[in-house]
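Below are the structure tokens for one structure; questions will follow.
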Amino acid sequence: MSLSPPDLKLHNLYSERDERVLFAGLSLSVSAGDVVQLAGPNGSGKTTLLKILAGLSSRYEGDIYWRGENLITRREDFRQHSLYLGHGSGIKAQLTALENLRWSCAVRGQQVADADLHRALTKVGLGEFIQQPCYSLSAGQQRRVNLARLFCCPAQLWLLDEPFTAIDQRGVAEIEQWICDFADNGGMVLLTTHHPLSLPRPLRRIELGGGS
Amino acid sequence: MANWQWFHKWGSPRWFYQFSGRLLPWLAIPALLLLVGGCVWGLAFVPADFKQGNSFRIIYIHVPAAAVAMGGYMLMATAAAVHLIWRMKLAAIVMKSAAPIGAALTFLALLTGAVWGKPTWGTWWVWDARITSVLILFFLYLGLIALHQAFENRDAAARACAVLAIVGAVNIPIIYWSVEWWYSLHQPASIKFVGESTIHPTMLRPLMATLSGMYLFFGWVLLLFVRAEIIEREKNTRWVQALVSDK
Amino acid sequence: MGTGAVMFAVLRRDLQAALRRGSEWSNPLLFFLMVCSLFPLGIGPERQQLAVLAPGIIWVVALLASMMATDGLFRGDYDDATLEQLLLSPLPLYPLVLAKTFGHWLVSGLPLSLLSPLLATILQLPSEGLAVLMVSLLLGTAVLSFIGAIGAALTVGLRKGGLLLSLIVLPLYIPVLIFGSAAVKSAIDGMAYLPPLAVLAALLMAALALAPLAIGGALRISVDQ
Amino acid sequence: MGTGAVMFAVLRRDLQAALRRGSEWSNPLLFFLMVCSLFPLGIGPERQQLAVLAPGIIWVVALLASMMATDGLFRGDYDDATLEQLLLSPLPLYPLVLAKTFGHWLVSGLPLSLLSPLLATILQLPSEGLAVLMVSLLLGTAVLSFIGAIGAALTVGLRKGGLLLSLIVLPLYIPVLIFGSAAVKSAIDGMAYLPPLAVLAALLMAALALAPLAIGGALRISVDQ
Amino acid sequence: MSLSPPDLKLHNLYSERDERVLFAGLSLSVSAGDVVQLAGPNGSGKTTLLKILAGLSSRYEGDIYWRGENLITRREDFRQHSLYLGHGSGIKAQLTALENLRWSCAVRGQQVADADLHRALTKVGLGEFIQQPCYSLSAGQQRRVNLARLFCCPAQLWLLDEPFTAIDQRGVAEIEQWICDFADNGGMVLLTTHHPLSLPRPLRRIELGGGS
């Protein structure tokens, strides 16, 4: 698999904010099975880069290729196969975990059976809290509802912005395991985190400089 | 590709800055000549109106201001479309700069109209169709300016305002039409604009002068605003710093 | 999952969320009711006078109520970042936005229109106008929802939505107000009320076709700041 | 640091934040202007009719504008959790809340009152009423700010503030509306306008003394959910 | 100093949410120099406990003593000497870091010279960003503005809810250092975090049970 051309390729990416260069000449290839950690101090542009890749931001110069073609022309295919988990909570507080997850799948055009949603929520440790409205969940539990999307929305590329925020230690280990399993099955992961990762597989670190 | 050259050139703020510098006097001098000349002509040499006396002379500011305010919106909407479609930065600057000028001219039209209304109709304000339309145009301008101010980020502001300007431009004909209809539905007998055709040629010629003067004036002030904005945005580039250190 | 099913899912979640807190659909209604009843307090209770003013007042207040409700249309989704999920959907944005806006009308414009005869009676509107008032509000509030959604999408990334939204949106609302109140007045005066209603319907068609495009574009801009 | 200095610091930050975005003080104004001009479009352009309605319309709309501005009074602080800091201050809450509310009036009620003569002219209000209109609005909007702040404090912990606030607050606004518009009408009709103005002033004194207590209590409840 | 009676004492504290017991019979004494970490899985009630202590929540039973007297009667004194940093950002986005910090001090009744504010902000690594409005700062930088309060508002008890959220690795080490220094000088710290702490001084961990 590693001989095939990279699925995602950044070429000479440049981005600035308020005249401060965040990154310049950034090139990166991601193929099936790769796990890439975006590292760097606060304010170095990790979130910015993930948003650019996800297609939420267009404040960049340079080229991004998805499966050999320019991302701009293949946005739809890219959206189909990528899954972005951002900083935000990503859930509606007055709905239950189940309803939230069902909606998240629906807007991706996926109809998922309730049993599968259940399984995903149980997997992230919310088995007992499925019918509880999300506003009554703690910070970490809300985060877990969002993480459950990883198991309902099939994708080939995960873009995770600080997935470990507010997650307890056992949870962190679990998520690391999920990432490994996903990569083992040919998935690609780009994630930002300040946690020192301990994955049982090679991990690429991209250091973004600058920052405060 | 070759015939797109001019487009990219126009899109370059630096080139535009230099080009517009040469253009400035050609706008400023005729604008001031026509405006001042037209006003003096209108105030001093045109005979008083037999019905309105001297108060009609405010027409030489009122009508040009109203007309150019309308034209300004259309220019702004065009710039907005150019910005959205081709991502041309200069168009965003033109759009942003046109808004306050247009709003000011609209306000001038409202003000002069009100001042004129007091002697003519005995009241500062009536809900006439055309007046109402101008008031709404004023609101459209203000909404645009407020939206631009509310954004902390310049690019997002420009694109959001561009969407709004285009939505507004689509709506302007509808608004005019509906206000016209509203007014004719109510038909207040007392007050009406005098028919436009009755204006005497001796009054018309200075009006034409101030009207064209106002268009040129708009262009001139717009260029000044655009140039200031370019300098502000490019203040960290080499060419601007060279420009500053030259002086 | 077909486009229809996705639209239904979007609609369903919004309705669920709205009904669960109740305030979402009841508040515009109560606002409508209260402000309408403020007017007799501010103006004076003379019957003749009120009857003449009623169509105008009801329409202006309905417009304000609809506008205030619109403010929250995308704000909640923006704050909890579910809007990002919507924008990253592989499906075209048009049907998603259409479903959201329609859902919003269902919980704001629709109940308001259905309640309007009650208010009309309070404000001494002659009974000939009741049916036309309701129809004009049904059509008109739908147009208002679409126009309002454009404003809401443009301002959703900004901290202070409420009043800014009104500045952007009120001038665009004016044709709807004019034709809506004109239809009611015509009906009371025994004149032809179909032409203004037809204009409202035409405006609605135009809004259906064009507004979702503007809304989608505005949302993408608002998220990318 | 004395209480005065602390109050000044609170006031200063709020004004700074408001002026920096500009929209905070200009938007209620523009809203006031726009909605007032909606009424002729809904009702019709007849001068005589407008003149009769003008005091009522201006007062109702001023009330709405003030109310809509009030919605943001504590919401921003709640969302960014600076409200927690305010509540955990070792100083008594009364002066802090007073400063915040006063600052809010400075950027909402005050400019609105100052602009009112312009609107009055547009709405054909006879010129005898202008001065009284302005004074009544100056006093009245201050009372409205204090009452509104209670509502804002009660609803700040809830997601959908805007409309809920209006429901809580509108009934309390009604006395202000009645005396405010009565003062203007009396002035136009050449009757004694001082009594209703005196009532407004008395309401303001009562609000100054009592409202901050209610606001402080409501804030503590809203944060503890 | 360790012989003096504890400054903060919880006795038999009990709290529940939606009929789920978060903690019961919780007793704890904190004296000068103590650093206490509240640990536990997501949803175990750490935030709830901190809010109760800070005085933002009254949903508890049991007693809390501050310097030997019931906290309820000594609220004002307690507020004077405690500093709470919650989940939220705690800053106004449209103001600069400096203005935010100045206000934070002022509501505590403290007039701090600009030079001192500057020093505090430089200490948290925001030296260059002092005059920038906070909305243009990254997640971690905003968090740092809030942390700067630790150096401007003198207090004897710090209540920190996940202070390391969004902070980069160097930043985490720095904050740990500040906590140590503070405790060395007789301060008390109660903090929640999922990070494994590495402090060069004894640390008490209170495990809250339950949770998901």
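Labels for the chains are A, B, C, D and E, by order of writing; each one numbers its residues from 1.
Everything below uses one rule, namely that a residue touches a chain if its C-beta (ideal position, glycine included) is under 8 Å from a C-beta of that chain, and two chains touch if they have at least 3 such contacts.
Computed from a predicted structure; not experimentally measured.
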In contact with chain A and with chain B at once: which chains are those? Just list them. C, E
Which chain's centre, taken as the mean of its Cα atoms, is farthest from the centre of chain E? B
How many angstrom lie between the centres of chain B and chain E, each centre taken as the mean Cα position? 56
Chain centre separation (chain A, chain E; CA means) in Å: 30
Roughly how far is chain D from chain E, going centre to centre by Cα mean, in whole Å? 37
Chain A and chain D, separation of their C-alpha mean positions in angstrom: 46
Residues of chain C that touch at least two other chains are 21, 76, 159-160, 164, 167, 170-171, 174, 178, 224
Quick one: which residues in chain A touch 2 or more of the other chains? 59, 87, 93-94
By the touch definition above, chain B meets two or more other chains at residues 139, 142-143, 146, 150, 152, 179, 182
Pairwise chain contacts, counting only pairs that touch as defined: A-C, A-E, B-C, B-D, B-E, C-D, D-E
For the complex, which residues does chain D have touching chain C? 21, 23-24, 27-28, 30-31, 34-35, 38-39, 41-44, 49, 52-53, 55-57, 59-60, 63-64, 68-69, 71-72, 76, 158-160, 162-164, 166-167, 170-171, 174, 177-178, 181
Please give the residue numbers of chain E that touch chain A in the complex, ascending. 17-18, 40-45, 47, 87, 125-126, 128-129, 132, 136-141, 143-144, 162, 164-172, 194, 196, 211-212
Touching residues of chain B toward chain E in the complex: what are they? 152
Going by the contact rule at the top, pick out the chain D residues touching chain B in the complex. 21-23, 26-27, 30, 33-34, 37, 40-41, 44-47, 50, 121-122, 124
Using the touch rule from the top, collect the residues of chain B that touch chain D in their complex. 123-128, 132, 135, 139, 142-143, 146, 149-150, 179, 182-183, 186, 188, 190
